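Sharing a structure below in structure tokens format, with a few things to ask.
Chains: A, B and C, in written order; residue numbering restarts at 1 for each.
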Amino acid sequence: MTFSWKPTRREFLGGTAAVAGAAAVGVAPFASAFGASYPDRNLKVIIPTREGGGADRNFRAFSGIWKKYLKTKFEPRFYPGASGRVGYEVYMGKNEPDAYSLIFGNMGPELLNWVVKEPESFKVSDYLYFGRVDTDPGCVFVGRKSKFTSIDQIVAEAKKRTLTVGTSRMAHPASIGILYLGEKTGAKFNLIPLSGGKNTVAGAVTGEVDLSVLTSGTVAAKRKSVRTLLVFDDKNKLGERLDNAPTINDHFGTDLPPMLSSRAFGIHKAAVDKYPDRFAVLQATFKKVFTDPDFKAAVKKAKGNWEYINYGGVEECAAYSKSIMKIGARYKSLLSGKS
Amino acid sequence: MTDVPSNPAPAKSRAEIEKQPRGGELVIPGAAIAFSLYYFSTILDSPWTAQVSAFFIGAVLILLSLVFMVRTWIELQRGKASLRFTSLVNRTDLSSGRLGLFAITLGYILLIDWAGFTITTYFFLFFSMLLLNRGRKAGFAAALSAIMALGGYALFILAFDTRFPEGPFEIFMKAALNNGG
Amino acid sequence: MEADLGFLIGLFGHTLTFWWVIIPTIFLGLVVGAIPGFSAANTIIILLPLTLAMDVEVGLIFMVSLYCSSRMGAGIPAILVNIPGTAGAAATPLDGYPMTKQGRSQQALSMSFVASAFGGLLTTILAIIAMPVLAEVGYYMHSVEMIVVMLFGISLIASIAARDMLKGLIAGFLGLMIGSIGTDVVYATPRGTMGFLELYDGVPLIPALVGLFAVSEAFIIIEKKSIVTDEGREIMAAPSWAATFEGAAIAFRHWWHITWNSIIGLIIGVIPGAGASIASFVAYQQSRTYSKTPHLYGTGHPEGLIAPESANNGVTSGTLIPLLILGIPGGATAAIMLIVLQYHGVNFGPSLFFDQPELAYGVFTAMAITYLLMIFTILPLSRYMSRVTLVSTTYMAPMIIAFTLVGSFVSREYMFDMYLGLVFGVIGYIARRTNYHVAAILIGVILGPLLETYFLRALKKSEGDLMVLFSSSLGNILWLVLIASLLMPMVLGFRRRRAVANTQAGT
């Protein structure tokens, strides 16, 4: 029964992003090497999902370390709605392209949004992702009490009758994964969007749906209530934590590229063109975070999966964007409900 | 709000005065029909999932509103009702300060973005209390408004860190607190 | 999942030593609960740095007491000034506010405190005992069953509308239509948003609540000097403790009512996704249906106040059950608690009861103690809180408008939401002046999107076959209960009329 906190109110409210960054003590004399005074104020980060969700946790862990290299604080702002569209519209429409505001999104589902329907007030090429934080493959799972114990049982059953599949949203890499599996095996799946990871897990556990698909990082965190049966990646990197489930390509001899959700920071294209020096500071400091031992500790502390942390710069992000939009286009009618 | 029909000449037959003024009651059904039709126009070429529930609810709403209009029309025919809007808007709205208060409220929202939370809230409270009190007890209103606005500042901005629009007062206080702390 | 009595009593005693956390938190919870726009969930988020820095035990007790007390706090402005602090208290003013107008706000407050605290306490104890059974509820309540539960809540529109059915239904369906604004849940197509991005995620509830109840009310009350009638002012002229005791006594006399409605809340709370607003509407509706005096509802009837208040506190313990047992939070506050506790290394799921039973059961002992302490800390306040209603409307109306509009900004921090609060204020004002029931509109706005979500989910699962609505046996039982509860008032009314006719014929 001890009061382990004694800071003033201002101090602890000042650093809202304190979850993981509490340990940020040693400040590296890095950003000043670029001479310019950027950044001389807080950086605003638009997050197009709800506060308290997976993106929030991921962001706090990352920004807690990044801030010590960038020597500034991050102010997260949450704009959920319409599968992330609202956040992007707000970022592009209401924030100056001056490199003082960033967007922290989930590249996979959010790029698939644009495949289904173009953004309203800007073009997809008006912003670019420059900092990939992780790559988290989709997976197929059922509740612990489900009668299905292997993916083969599911495919066999789905050839007889259409199985319902819970998904976080229609336009999601994991949804594409299960549609692809159906196409290759002749199994019939009916996607049921359950809005968000929390409800998707709940749907499978309570039996609302026969099975669910979701990013495997979230599923691994719930492994006591669920059983993972298939991973949409080249390798099951989490092994035991995903019940040693096989990968789709190994098990079915297919050649599906990894169906990844991938959290990344994005920025206005106009800001990159106008302030190349600022953009360089962002890129360089961003990369530093991945080799910082505090970051690994922060990810572990937030119950994240270190195996999925995967640095990527502008090129990696662009390559990913291209491939996900290409495969998304193939499934456009199924994802948009229009034939 | 709705247009106020200028009240007709005072000389009116007794029967006319006792008629139910149904004009105001038609505002909600009218708006409901208009809104439903607008809503339908936004989902005409949407997937069925976007349509099914809204078309059902909208259709029932339009139907109910039309039934209400027919009911009112029958009352009109029987001379039991009139189309006056007195139940919604009448002279007491002006004398009670209601329209004035509405104008001040609208001003409050328009100005808060520009002059910040604390100052705008202070002036809103002060002027509306003054209006409702017909200019009396101005000193008390000023003091109460100040306490409320500063209390709101302390609670919402200092204690809960809410991101209200900042004005001169908030910017000054921030600088003062930062220097002091 | 077994815990013997000795263990529980020991834990109870241990939790009691944290009174120094619980009592200040109760007051914080009352304040944040009473301000529309604030809730336990966003307070925990705001205080996250503090909560995370706390010792896990202190943090847990803090969050649980904040959760319980904010729920109770939301009822206070609902009773005193007709402004529910959260959507969960939206059914509270139906009978609470008429009592205030009659000068019985002190009774109403103490009644609601007793109902809340005992409803909460009782369901907490039930939760400890029946945890394994209750955890199963979620396995049976799927989209089809939830559609029927939603319809139970929505059928309240029809009872509210009893005086003029047509206008009541127009108000309710207008609410449902307004509630349909936003992107559809399957393909995220924007609908009826008038081009406002801020409406893509649906109509935010706080501005709707604030506008329909508070702002419109403020514009109405300025006609009179006080919201309390002249007779009511006379009653309140001599303040005494008697009114507090009277209210508490009325509540205790309705102990069965509290029990029944808090259990409704508990069960609805256990279902993931359902919440306090549904529970209080369903409770109010059920209470009215089976009441001997249904005609008194809406006029300041104690049962009409006790039902929603005991139900929404029953929800509080309910939502934590799926969190503890399945690691699936039942609501927003539970979701945030999950994050905080995970940060502290707590692993949820059935194993929690073996690994850290003091934590798993500690949640409920903390809740029980909060409710117990609340009775002693809050009940005396009712005498002073009720004086608020005697403040002249000259000062009250501007303050209501300013602070509730500010509240509509707080929950999402969009300027747009303040405008929306005013727009809803205008809608509410027109509705009040022309005798459309604002509560009916609000029920539509709150429950409409939930009903649509479950409805679409069911239809998507059946690939468009409407018969899916009657495809589950539990669902069919619920349908029958729903139909029975709709027919019951008619049957009872008919029998009462016939009885009256018989007596008259006999004399």
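In this text, a residue touches a chain if its C-beta (ideal position, glycine included) is under 8 Å from a C-beta of that chain, and two chains touch if they have at least 3 such contacts.
A quick note: this is a predicted structure, and the numbers were derived from the prediction, not measured.
With chains as nodes and touching pairs as edges, the resulting graph is complete, every pair of chains being joined. The chain pair with more C-beta contacts between its two chains, of B-C and A-C, is B-C. Here C is the chain whose Cα centre lies closest to the centre of all protein Cα atoms.
Chain A and chain B have Cα centroids separated by 42 Å. Chain centres here are Cα averages; for chain B and chain C they lie 25 Å apart.
Rounded to whole angstrom, the centroid-to-centroid distance between chain A and chain C, based on C-alpha atoms, equals 34 Å. Within chain A, residues 13, 16, 336-337 each touch two or more of the remaining chains. Annotation for chain B: residues touching 2 or more other chains are 47-49, 161.
Residue positions of chain C touching 2 or more other chains, listed in rising order: 46, 185-187, 189-190, 413, 460. Note for the complex: chain B touches chain C at residues 1-2, 24-25, 27-29, 31-32, 35-36, 38-39, 42-43, 46-50, 52-54, 57-58, 60-61, 64-65, 67-68, 71, 87-88, 92, 96-98, 101-102, 105-106, 108-109, 112-113, 117, 121, 124-125, 128-129, 132-133, 141, 144, 148, 152, 156, 160-165.
Residue ranges on chain B touching chain A, taken from their complex, read 47-49, 158-159, 161, 177, 181. Within the complex, the chain A residues that touch chain B are 8-10, 13, 16, 336-338.
Chain A contributes residues 1-5, 7, 12-13, 15-16, 18-19, 22, 51-52, 57, 77, 80-83, 85-86, 89-90, 93, 113, 116-117, 145, 162, 164, 169-171, 190, 192-195, 198-199, 201-202, 205-209, 221-222, 224-225, 301-303, 335-337 to its touches with chain C in the complex. On chain C, the positions that touch chain A within their shared complex are 17-18, 45-46, 48-50, 52-55, 57-58, 138-139, 141-143, 182-183, 185-190, 197, 200-201, 272-273, 322, 326-329, 332, 335-336, 339, 342-343, 347-351, 413, 453, 457, 460-461, 463.
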